[in-house]
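A short write-up of the structure that comes next.
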Amino acid sequence: MRKDIRIAGAGGQGVILTSVLLANAYGIKEHFNVSQTQSYGPEARGGACKAEVVVSDSYIDYMKVEKADIFIAFNQLGYEKYKNETKNNGIILINSSLVKTDPDNNGLVYELPATEIAETKFKPFTVNIIMLGGLTKLLPKLQYHSTREAIKAGFKDSAAEINLAAFDEGYRYIEHYYFKQLQKNCS
Amino acid sequence: MRKDIRIAGAGGQGVILTSVLLANAYGIKEHFNVSQTQSYGPEARGGACKAEVVVSDSYIDYMKVEKADIFIAFNQLGYEKYKNETKNNGIILINSSLVKTDPDNNGLVYELPATEIAETKFKPFTVNIIMLGGLTKLLPKLQYHSTREAIKAGFKDSAAEINLAAFDEGYRYIEHYYFKQLQKNCS
Amino acid sequence: MNSLLEKYIKKESLPYIFCPGCGNGIVLNAMIYAIEALGIKDDTACVSGIGCSSWIPPYLNMDVMHTIHGRAIAFAEGLKLSQPDKNIIVFTGDGDCLAIGGNHLLHAAKRNINITVIMINNYIYGMTGGQKSPTTPIDAKTKTSPYGAIDNPIDGCGVAMSAGATFCSRWTTGHPNQLKKAIQEGIAHNGFSFIEVLSQCPVQAGKSIFKERDPWKIIQYIRKNSTITSVWEDEYKEDKIRLGNFKKETDKREYCEKIITLKKRMKQE
Amino acid sequence: MNSLLEKYIKKESLPYIFCPGCGNGIVLNAMIYAIEALGIKDDTACVSGIGCSSWIPPYLNMDVMHTIHGRAIAFAEGLKLSQPDKNIIVFTGDGDCLAIGGNHLLHAAKRNINITVIMINNYIYGMTGGQKSPTTPIDAKTKTSPYGAIDNPIDGCGVAMSAGATFCSRWTTGHPNQLKKAIQEGIAHNGFSFIEVLSQCPVQAGKSIFKERDPWKIIQYIRKNSTITSVWEDEYKEDKIRLGNFKKETDKREYCEKIITLKKRMKQE
Amino acid sequence: MLRKEVTENEGEKVIQGNEACAEAAIHAGCRFFAGYPITPSTEIIEYMSEAIFKNDGMFIQMEDEISAMCAIIGARWGGKKSMTATSGPGFTLMQEALGYGVVSETPVVVVNVQRGGPATGQPTFSSQQDIYQAKYGSHGDYEIICLTPSSVQEMYDFTIKAFNLSEQYRTPVILLADEIIGHMRERVSIPDSVEIEEKEAIEKCDEPFRRDKNHVPYAVDFFKGCNILVEGQLHDEKGRRIGHLADKSGQFIQNITRKITDNCAELTDIRHMYIEDAEILLIAYGSVVRSAERAVKTAREKGIKAGLIKINIIWPFPEKEIFRLAGHIKTVIVPEMNMGKYCREIERCLKQSKVISAPKLGGNIHQPSELAEIIEKEAALSYE
Amino acid sequence: MLRKEVTENEGEKVIQGNEACAEAAIHAGCRFFAGYPITPSTEIIEYMSEAIFKNDGMFIQMEDEISAMCAIIGARWGGKKSMTATSGPGFTLMQEALGYGVVSETPVVVVNVQRGGPATGQPTFSSQQDIYQAKYGSHGDYEIICLTPSSVQEMYDFTIKAFNLSEQYRTPVILLADEIIGHMRERVSIPDSVEIEEKEAIEKCDEPFRRDKNHVPYAVDFFKGCNILVEGQLHDEKGRRIGHLADKSGQFIQNITRKITDNCAELTDIRHMYIEDAEILLIAYGSVVRSAERAVKTAREKGIKAGLIKINIIWPFPEKEIFRLAGHIKTVIVPEMNMGKYCREIERCLKQSKVISAPKLGGNIHQPSELAEIIEKEAALSYE
Amino acid sequence: MNISIDDNYCKGCEICINACPKDVFAISQKRNKYGTLIPCVAEKENCIACKLCEIMCPDGCINVETEV
Amino acid sequence: MNISIDDNYCKGCEICINACPKDVFAISQKRNKYGTLIPCVAEKENCIACKLCEIMCPDGCINVETEV
């Protein structure tokens, strides 16, 4: 099994951190091989931002993502840039507060209004962790607890708390949405 | 015609200056091709010193001297180092105040007690110009006046005067000695 | 958009790469106002090294060299010597100017060559992400001083003046008008001018030095921590940072001028 | 041969490459006397850059690094940090230390790291044959200032002290005993020590600066041109060069010591 | 002599390449680090500024890269294993002192995490543009040992190896990583213990630079009674200059180059894949290996007999081994994140083969599909 | 555009190579010199410190070689032709700014009078050890133009040419001399006038870095209303950074390399001797040419069909022309005053030939007899 | 007289809000294309045309037109 | 007590002659192997054993033995 995951957004949205937590969750907690990479803007700041995580139960050769199995878009710009670099049967998770999807989309689209949730229920900076929650729900072979552990390890006490709550919110939102989807499909 | 000339001595004895004046005399005044080279000691000062002048009426390819046609030794050390690097029929001019020659010498040896002459008749620093005087007498296709011109061009007025006198002394010494030699050979 | 900037800034390159609230934009404004006041836009070139602060000139609608880390002053000296009538302004950071570039500052100041150096001191290496700089306060925990910085910070103005700078000022981004004036005077001064600007880097210095991310609060903190004086005393003991126009020495001859005099003398001879 | 030198000098490397009457040998003597007085030969290493003056250490029967031009202080800092208990002495010239190496002097002084820098100032680049150095007097006609030097010379002691050196002296080769004492004190001082020696280069500086080739006369000239003072004033106006032990500041903590304290603190935590 | 050094084994971790390098340095015995921050190597100096104090070492942030390189050489003579890390512009500035390290035969490790050049170039993008600079960047004749990791695990392993080789051959060793490897996070396993080279420094030795039969001089440190003269001029066994003696100088250059070239076999570190029956061969090093691996697998899946040689130590150039493995192969493709540099060596070595340079400029690594395409094209040609 | 510049013709003189270089620089229009003294190039800075003021130019002795290199780039943008001169260690220090000169496409001339290396090496002896450094000394991908004079006359002529090429291609050009040529005095003839390249700087140009079909950008100077942005990051026609755009960045590298490699034919400057029927060929550059000439003549006297190729511009490597002239020749000997460097290129180029490296280490030039011996040995072999 | 804030370049640093001696600017809910919350001109009538806001805005967004 | 000048290393700079407060040294006609004229100890009896000559000789040639 090899899964190619790509996250795109703007610098400052926590794209890279999300990918790192994901890599830790898979790599340390689930004992998979992982390769996490990113592309920065001009030196330290601003502009578009992209991170990739490859997860595999065997050796990972190419460490970057050509066509993604799972694509997460934090903002519209990121979505536009990579929407066509996703596999036909791929999964797309968008921050629906900021992203409008194309009708002729490749993959299965999951919507999570992370900015809205963050700004209403938590703090603006939790957007990425909310997205990570939703993502955890969607991803194969990744336990809820594994990502939580990675978050705990990644933040200091006080920050961990709010982030874990935000994570749960995202996770549950997708859980709910996902079931809704299923129901919709059934009806 | 190509003549390979080598001058050896100690740093500070004016070896390089002698070679430069010689190159100027041949190159500018006599319109020959010349290549003048030197080897320095460690950066700027001290130790053994060697200069070479190649003179030719045609293009000079190799600019250094393998076996010398004319070898000038300012001191014993220089003499020892290069005495065997002279052609069999070569000419050797020594500063006989400081150099003792081998009996089994290759070339024809001319002796000029330059240090003695300098210290008694001129100033210690004129040793090299006295040697240059003798050398001018010995060298082919080099007019007395050409070297004098080169000396005039190379020194400021006051210094030129004493050096020209020293030059003459060296020139005349060899002129005289040379005839003596001829006489000796004849007898 | 600020209407004066329309004239001076390459709009197509905007927005600046600076983080929100970064002080570099304020210094840029002050410099533009100064150039405009002097009316010397076409006779002025800007040179910078590498660092966030060195990204100020590339936005200008002027002749600009964005060079390599620490060497802006050396490039500027060559440019100045080749065009002694033009004004050359250097933008540099505390790292660019005082770490890797310290020797060039020393020698340009010693020569008293007529260039204007504007050093933006944000107490940190901003561009590379928050490492200790030569001006980082003692004990500050930066990315390369996780246990607190142990070395004594350098005072750029002190070094520049002791090396021979004949004009020297220090202001903060909270003093934009004084800064503008100082730049204006520095450019007009015929000799080596050094102008230090204490500036906020809300992202990197904010994290490690000020423990405060709000740019305004940092500006206020820096202001409060400083005092305006008119004279520079070497044996200064107060714990506030001195601001002001410290030095303007007009009797030392400028470097290019000396060469030009020399050449004139040669021609006469 | 000087009997003390038998112990300290690699006889097989003699004679020195220095020209007759060069001051470097006198500085070497003074340093050997100082080391002997302190009894620290085996706990001391010498580091030098490139230049005639940097050829002093290679003759020593001690651990020596003869490095690259201008960087001796940087090598010395690494060596010192790896062996904080040892004494590190740097030999450098006015070109090595103040031209290409100026920034390392600045930063080592700022750090107040315990190394002893002995800068032999002969007012010229001796090794490369007589070009202008940062200390060449104004108007001096050297090989690279044929019309007279135009830039203001740097005062090494001034720069070192303003950068943070906590020990500073200046003597001449005509003051061998004072020099020896200063070196001895400089080594003993726990902090960055800078000792400048005004020295005769009868060959190159003799030609271009002093118009005098007799080493003794140059020594006398330098002596006459100087005055011994006990305090350094920044606004010094006399036209004589100041000699003396200018500074010895003991309340600033030394760099290695600070790190060691830090590490101790870490272990306790 | 190799000594087992127990690491504080934390088993498996997900870390950045730069972190892996720094951690390995500590495990390899590095106790002095001097550096100056520069993208994309900065995480190494940041890690070291914390870790080395915890391991009773010394850290200093210098005023520039020149002084950082000088400081690590100084510290090594003080007896501490030393390292610095930098990228493009900083690596360029280190070259003079690096040359001094070579001539003075100082064992130190220099890490260059390559970014796009020249000049400021592309600070946050990757490249393999500095491979020749690593070999020829300083003036004069010399040889260098240079390792090119292609994973975070190798960032760890090769750093250990770099230290060992530098001690073994008493020469600076270059770890030539690139932005991708430096910034990538992967799962790595830190071994319980690592083998580290530690030569006991000789005491009271009169000729500290005497050589063994491999042209390698003694292990010596300051303050052990040897009266060492560390010299940047060409020198004899005692460190005394011999620059004015042509024969001895020539001999010296021979010694410092031959200690590496004569031991080239031992310094050859090559892995290969599907090489037995390969008809089309890729030769790669550093991060690009990863694209090449995938491309070769893809080609195999399509029935093309593709193979791969992965070079772990690019300098000294493993001429013999490459020739032995690939001398008979008709088509060789050399993908590199530069304008086609290493392929010049390959071309010289594999005179009989068609050597195809597959350069990739602009800062991104080759996509496997790009390489697969080249392989397929060549395969099609050979079937024509 | 070439313009005739009248020299103050002093006809024939006996001068040093370094002096000839400096004098030629003045004649070529050099009006700014920044430098730092170093053996064996010091006579150039010394000459310039006097001569350039007489010619209404500017001279500055900088605090080091780094700043000297920066200053000449700065001055060139001020519109003055500029030069610096150095040797080994100084050349190494100039590499970062030299890379900046390449990326910013600044026409300047850098003279390296080679001495023995590495490190302090052999300061007063000669070498050709820096030929690869001249090409690869700075980080990143680039190409350079590099000339190797072999006489004092060529020191003069090639300096003129170096300035012209730098203006023509808008790139730093390296004059790679060596201690022998730099310090040697020969009779040279200074022509009445020299042709010098002078492009009129464009005024009020919006895209100062737009290129012609040869990939060469416009001639532009500061203070002509162009609002130039001189940039060390990869950049577009306006100077704006494009490092984050992979395609454009790749294109930029292509541009700055292809303006040299695509024009390689025009940049080829080769002389040859006895090549028509040669069976054994010497390929040489710089001072060693002089030994090679004599050796070839000696061989011819002995009836051996020896020939010589003399390379005046070593970079870009004149691959095609060497192959055209020598592709068929069985035995090629490459004498160099280094450990055998250029011969690597020759080997790659002349795959069919037996390429023999004839290195000479230690600081002295090959004696013609040494080379003659190698030629004779090879001749004997081929008659077997 | 007119005070304008350029949406295109504003980064929402709020320096203008703090710097203005007359509290002319205020936080708004308006986002620009980057999603940044940009301030608004709340009390234009209080403006004394000191133009501190212009020189203090690090992104050059503010224009205070006085001459009409 | 004994004052010696080492022929091997003396470069004839005459600093000793000038530096000695008691004029113990003098110019001689003796040359060493490099041809340098080296000074001689002319007035040993005047020596006050200040050892200035030792520290001032740049080539370390002079030895003043006082303890016998």
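By letter and in written order, the chains are A, B, C, D, E, F, G and H; residue numbering begins at 1 in each of them.
Note that contacts are C-beta pairs under 8 Å (C-beta built on N, C-alpha and C of every residue); 3 or more make two chains touch, one makes a residue touch a chain.
Note that this is a predicted model, so its numbers are computed, not measured.
Each step here moves to a touching chain, and the least such steps from chain C to chain H number 2. More C-beta pairs touch across one of C-G and B-H than the other; that pair is C-G. Centre-to-centre separation between chain D and chain G, using Cα means, comes to 58 Å. Work out the mean CA point of chain B and of chain G, and you get 86 Å between them.
As a whole-number value, the distance joining the C-alpha centres of chain C and chain D reads 32 Å.
Chain C and chain E have CA centres that are 39 Å apart. Residue positions of chain A touching 2 or more other chains: 41-44, 47. Looking at chain H, no residue sits in touch with two or more other chains. Residue numbers of chain F whose C-beta contacts span two or more other chains: 39, 53, 63-64, 89, 96, 100, 104, 119-120, 123-125, 231-233, 241, 243-244.
Looking at the complex, you find that chain D touches chain H at residues 1-5, 9, 14-16, 18-26, 28-30, 33, 173, 176-177, 180, 202, 214-216, 219.
Those residues of chain A whose C-beta lies close enough to touch chain G in the complex are 10, 75, 98, 115. On chain E, the positions that touch chain A within their shared complex are 12-14, 39, 123-125, 151, 180, 183-187, 287, 290-291, 293-294, 297, 365, 367-369.
Remark: chain E residues 31-32, 34, 53-54, 56, 58, 60, 62-64, 66-68, 70-80, 82, 96-97, 100, 104, 222-223, 225-233, 238-241 touch chain D in the complex. Here chain G touches chain C in the complex through residues 6, 8-9, 11-15, 18-19, 36, 52, 54-63, 65, going by the rule given at the top.
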